[in-house]
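One structure coming up, written as structure tokens, with questions to follow.
Every chain is named by a letter (A, B, C, D and E) in the order it is written, and numbering of its residues begins at 1.
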């Protein structure tokens, strides 16, 4: 199976692990990630304003690229995923916006939101299947108590994202279980870490992040996994005393491709 | 040719303000058949009606056209007037020149012109009217009540009290419904069981009432006065007439770990069970999904211990056909699922419960014998947070919750809070509310007592997130008055879940051809004037199946529904709607197109002999309409290619005449 | 050229008459001209021998005649049905229009019938005699000494060119082989009209319908138009009108007629065959059939006895009336 | 008042949110993770926009505290979408000439070795035009 | 503008239980719509015979609209489902004959939708007015 892949700015830089292990794991699972040529940064956050067009064009170029190849578009960074999925939804549902965009991109032809957008996690669940992953696990993570941290961008707004129950999600827990580990369920896994507020008010972000880690730890977590570089940054900056890793790294470890890359 | 009288109503200035009524009555004078035309201030008044009666006599009128408000308003009035004047009531036509003319047009010229055209159409129609005589049908003097909660119980008792036989069909093994699960009732705080169970016993002992418990209605045929109902008695594997309800089987049953639905799964029951001590009928029921004997033939303990020999593992579902004159729907409500509201962590913590679960927790017959404890660890909760409006008052296109106010939550939450503070004064009780709605006798006083005398902390605001952490529930909420975000470490969180109609209501409505609103509440025939009747004749509504209701309201509606049923059953014959289809057998092809589209099965066929022009005879298959079953929709008239099928009161020729009059 | 001969048919009919299986035969009789074949009831073997005709002009669909004739016989009536006729036969049975027990059906194969107007277009008027000759037809006219030889395929009726089925869906006895349902192109012409602009369509139909003389031949030949009393003949229907006049019934006769048979029309093509003005009336019926197939799923009236016609049926998911225009709107 | 009405309509247009649907339950503010940082809270944004009382919002630091975590959008029982209202007000503020909330010059002081690009990109998109 | 001068004639068939009540509600709420719309009350939208529609056109109507209960809410359970099929077939046929498709419409208007009734009638009247006089059905057989 071949899919179009949008890595995003951070994955080529501070979050190389997230990217690298995504590639490695996909390979084991029989998925080829075809990186979109000349992709541009998604902008990090989706501007909800109805009259914002230019800030969404990079997403649409990526969507169109995948659409032209008749491939689903896969992202692994929560933020990219959120921006691209919301943009695509706007293309599908807001015809005035779609008109503007298409006029803007006259040379590229018209696009109406046809491309299917998957988060890497959704790809694992819906295109690969957790049962298939379970069969490919070589280093079982049995006995590890792992807490999934979703943050805000993966799940919300639910009307658009449609990934999982936004208040009691299970997709990452199901992944953890398929890798042989125990999933720690805790209520704050869908609360915001503080996001970009850490730039201006690091203390505020710290407060949120500490509460999240505390909630995970009280429920027995030995490790936290996440899909978002900013979440990882905030959780680590607040002084987490348990490891915070990208879910792709955990996946690669279980699939036995982590050593390879280190070597 | 008819002799038509035209009566144009001013409706004060409602019509006369935008329509030149004088011009209308003058213009209609020259229409074919019109022999008299006038106008008057209030046609529906006694004086107006007398004017019509006098004109009928004076001008030998055979038809009447009233240009007035909507026929939905006063058609019946003017038909009565016509009848009083000796005319057939169906010789009246109404031109709607108020709702559909004077009220929607501003210009007098336009309004007048349109009113004249509408009047002409009515005259054209009435010229083709024929006197119609409603058919009669007999009444089966028995009633069916579907649902055995307090609504069904009260309706059945009241009907039986008037001397008519009543059957109650209840899908659970016992009657009693939600009220049987409640602890105390607001605002008087008397115990629900103390006031409900005597009524249940009354039902059981009433000779006029039969209870079909563990049963459901599977088919409804027929029409008002003559319903034909199939009731499915689910196999309970216990012979109801023999079982003494001693409970020996329940005690000895080895399968004891079945979630007890009566206590909302907070404790367990056995595979053979009696839902609660005061169940009616007090007989055991075997849960076929849990019983080893039924699943794999291994066990049979209950059969061995039953002294009465009531156990019958071979029992089959039984279908019973009964006839009824009236049907009362009392299918009640359920709290909605909390699955989509996990910001309150209902699925993540045992100590987040719904109000109905709280009700069982505080009930002396409940899983904790009435001791208020946390379901997770059995400890006494010191801080309790009640959250109002969970799933109520949501936006119409919201993906979770209901648009309406569930009505009962404010009061039962005040009750819960008050009782908790009363019994456990060391407990801190918070109630988060959006509005406190207490419109009922002694209701607001009750709520104020909870605050003022019992020290319940009411906070205007909503809970945003509940985080179970350790043995605490961290509640994050807003206090809008103080403009603060609150963080409370609670031991127990109680959600006032919205209520919704029982899931069985929708298929039942289809069977009954009774209408429902988008929320699956049954629609009443008129929201103000006929609140306990369904628009489908002979079907009545009792309790929360029509909308959220508390107990006193339910009981009053149950009594009202009963009185409507009694009014119906007291009649020997019913007069029907005469505007029914009829088939001209000379033109009928017998092709069955009409029967295919009839929603009521009102059309049958018979072979009939016809004399042919050449003096031979020919036998042909022709359609026959049962006027008592036909509801007059007219679907058949269009399906009929030859035009043999027509609708009285809305005949092809009449509608065509209206079209012609309008388009002239 | 038909695969089955007149003599075979006469001998089969005679046999059934003689052994008492049937008491009369509904077949084709000689009209004024060779191409003017007339439905006839034959009561004896002698009548059959003298009057029975079978040639390339035996297009008439006998199903409809059973409504009046079947009840009149004391015994069974023999009817000869071509494949397309059997669909009408089933549809009439579905509508309980005659007693199946009173009818004995012999299914006969059909190679397609000739359209006399196409013959006339080639040979002109004044036809004296027509005879089949292998794949050709020999036509003798007033104006030519030698018969004009034309290819039978060139004068095949439209409905036969676009034949939808060679399968007999009802019979007691079959002469020849069982045929198959055919993938036909019968909706192509409708699709062509649909693809036109509204103005072009209007012009097309105005041109066609302007020729109508309201002779009622279409109605009288149509097996679906078997009403005891047609609305257009009924003074009480409000739309009675028997003769051409500048009024509603006259202009919209064809729309209402097509609507009344919609879902019941088997597309037998009799309406167009009998139209003296050569109006392609089948294009109205086929439009309804095509729409029904597209809106509610493929439906062939008369395929089986007892089917519920699409317009007296529904599903809760049906498309909205406003949506019927949106399909293929781009081709305007 | 006139100006306020204009601003009010403009903000409603940009946000696409229907503030009149709000029933004052306060669930947005109950759910907001940045509540304590804000001078005006989500429910106040909705209410003040509805009333046309917009100037105080435009001048408030609260504009830059919203995390765009959309929790208020998902949990609002009335579908009001408070986060979109906040965003529309913020855009109204920063779209003015020279009103960018941060500049590139501010950055070196606040980044560390681990700061992900995403953080800067997001902040710039949120705070500048 | 000539178009603005022209007053179309519109016949609206309304089912007694939903749409006629919806029209009454529009009246109760004083929601204006053009007087060109004349309502004929029928028990159910399924009572509307295609013949009535054609008759209206023949007698000079410029537009015909049929209003009934929303699918699923028919007072007679299934009447409007038949309406839906019948009108879909009929409208498609009229379109096929080259009659302007905008002249016919089916709308589902509940008893509670007074505003929808008025809005529908305003919109329909505007659409029909923009088409001008209805000539085509009359002209269908007469070649000019």
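Please note the rule applied: a residue touches a chain if its C-beta (ideal position, glycine included) is under 8 Å from a C-beta of that chain, and two chains touch if they have at least 3 such contacts.
What you see is a predicted model; the values in this text were computed from it and never measured.
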Over the chains that touch one another, what is the least number of steps taking chain C to chain E? 1
Go through the assembly and pull out the chains touching chain A as well as chain C. B
Of A-B and A-D, the pair with more C-beta contacts is A-D
Distance between the centres, which are taken as Cα means, of chain E and chain D, whole angstrom: 47
Rounded to the nearest Å, the gap separating the Cα centres of chain A and chain D is 24
For chain B paired with chain C, centre-to-centre distance based on mean C-alpha positions, whole Å: 53
Rounded to a whole Å, what is the gap between the Cα centroids of chain B and chain E? 32
Counting only residues that touch at least two other chains, what does the list for chain B look like? 343, 465, 597, 639, 652, 656
Which positions in chain C touch two or more other chains at once? 231, 238-239, 311-313
By the touch definition above, chain E meets two or more other chains at residues 50-51, 55, 59, 78, 82, 86
Set of all touching chain pairs, with the criterion as stated earlier: A-B, A-D, B-C, B-D, B-E, C-E
Give every residue of chain E touching chain C within the complex, in rising order. 50-51, 54-55, 58-59, 71-72, 78, 81-82, 84-101, 104-106, 136-143
Interfacial residue positions of chain B with respect to chain E in the complex: 70-73, 96, 98-101, 103-107, 110-111, 113-114, 117-118, 121, 510, 513, 515, 535, 579, 597, 599-600, 631-635, 637-639, 647, 650, 652, 655-656, 658-660, 662-664
Quick one: which bits of chain C touch chain B in the complex? Just the residue numbers, please. 71-72, 94-97, 226-231, 234, 236-239, 260-261, 264, 308-309, 311-313
Going by the contact rule set out above, which residues of chain B touch chain A in the complex? 339-343, 345, 347-348, 399, 465-470
Of chain A, residues touching chain B in the complex: 158-159, 165, 167-168, 185-188, 191, 214-215, 218-219
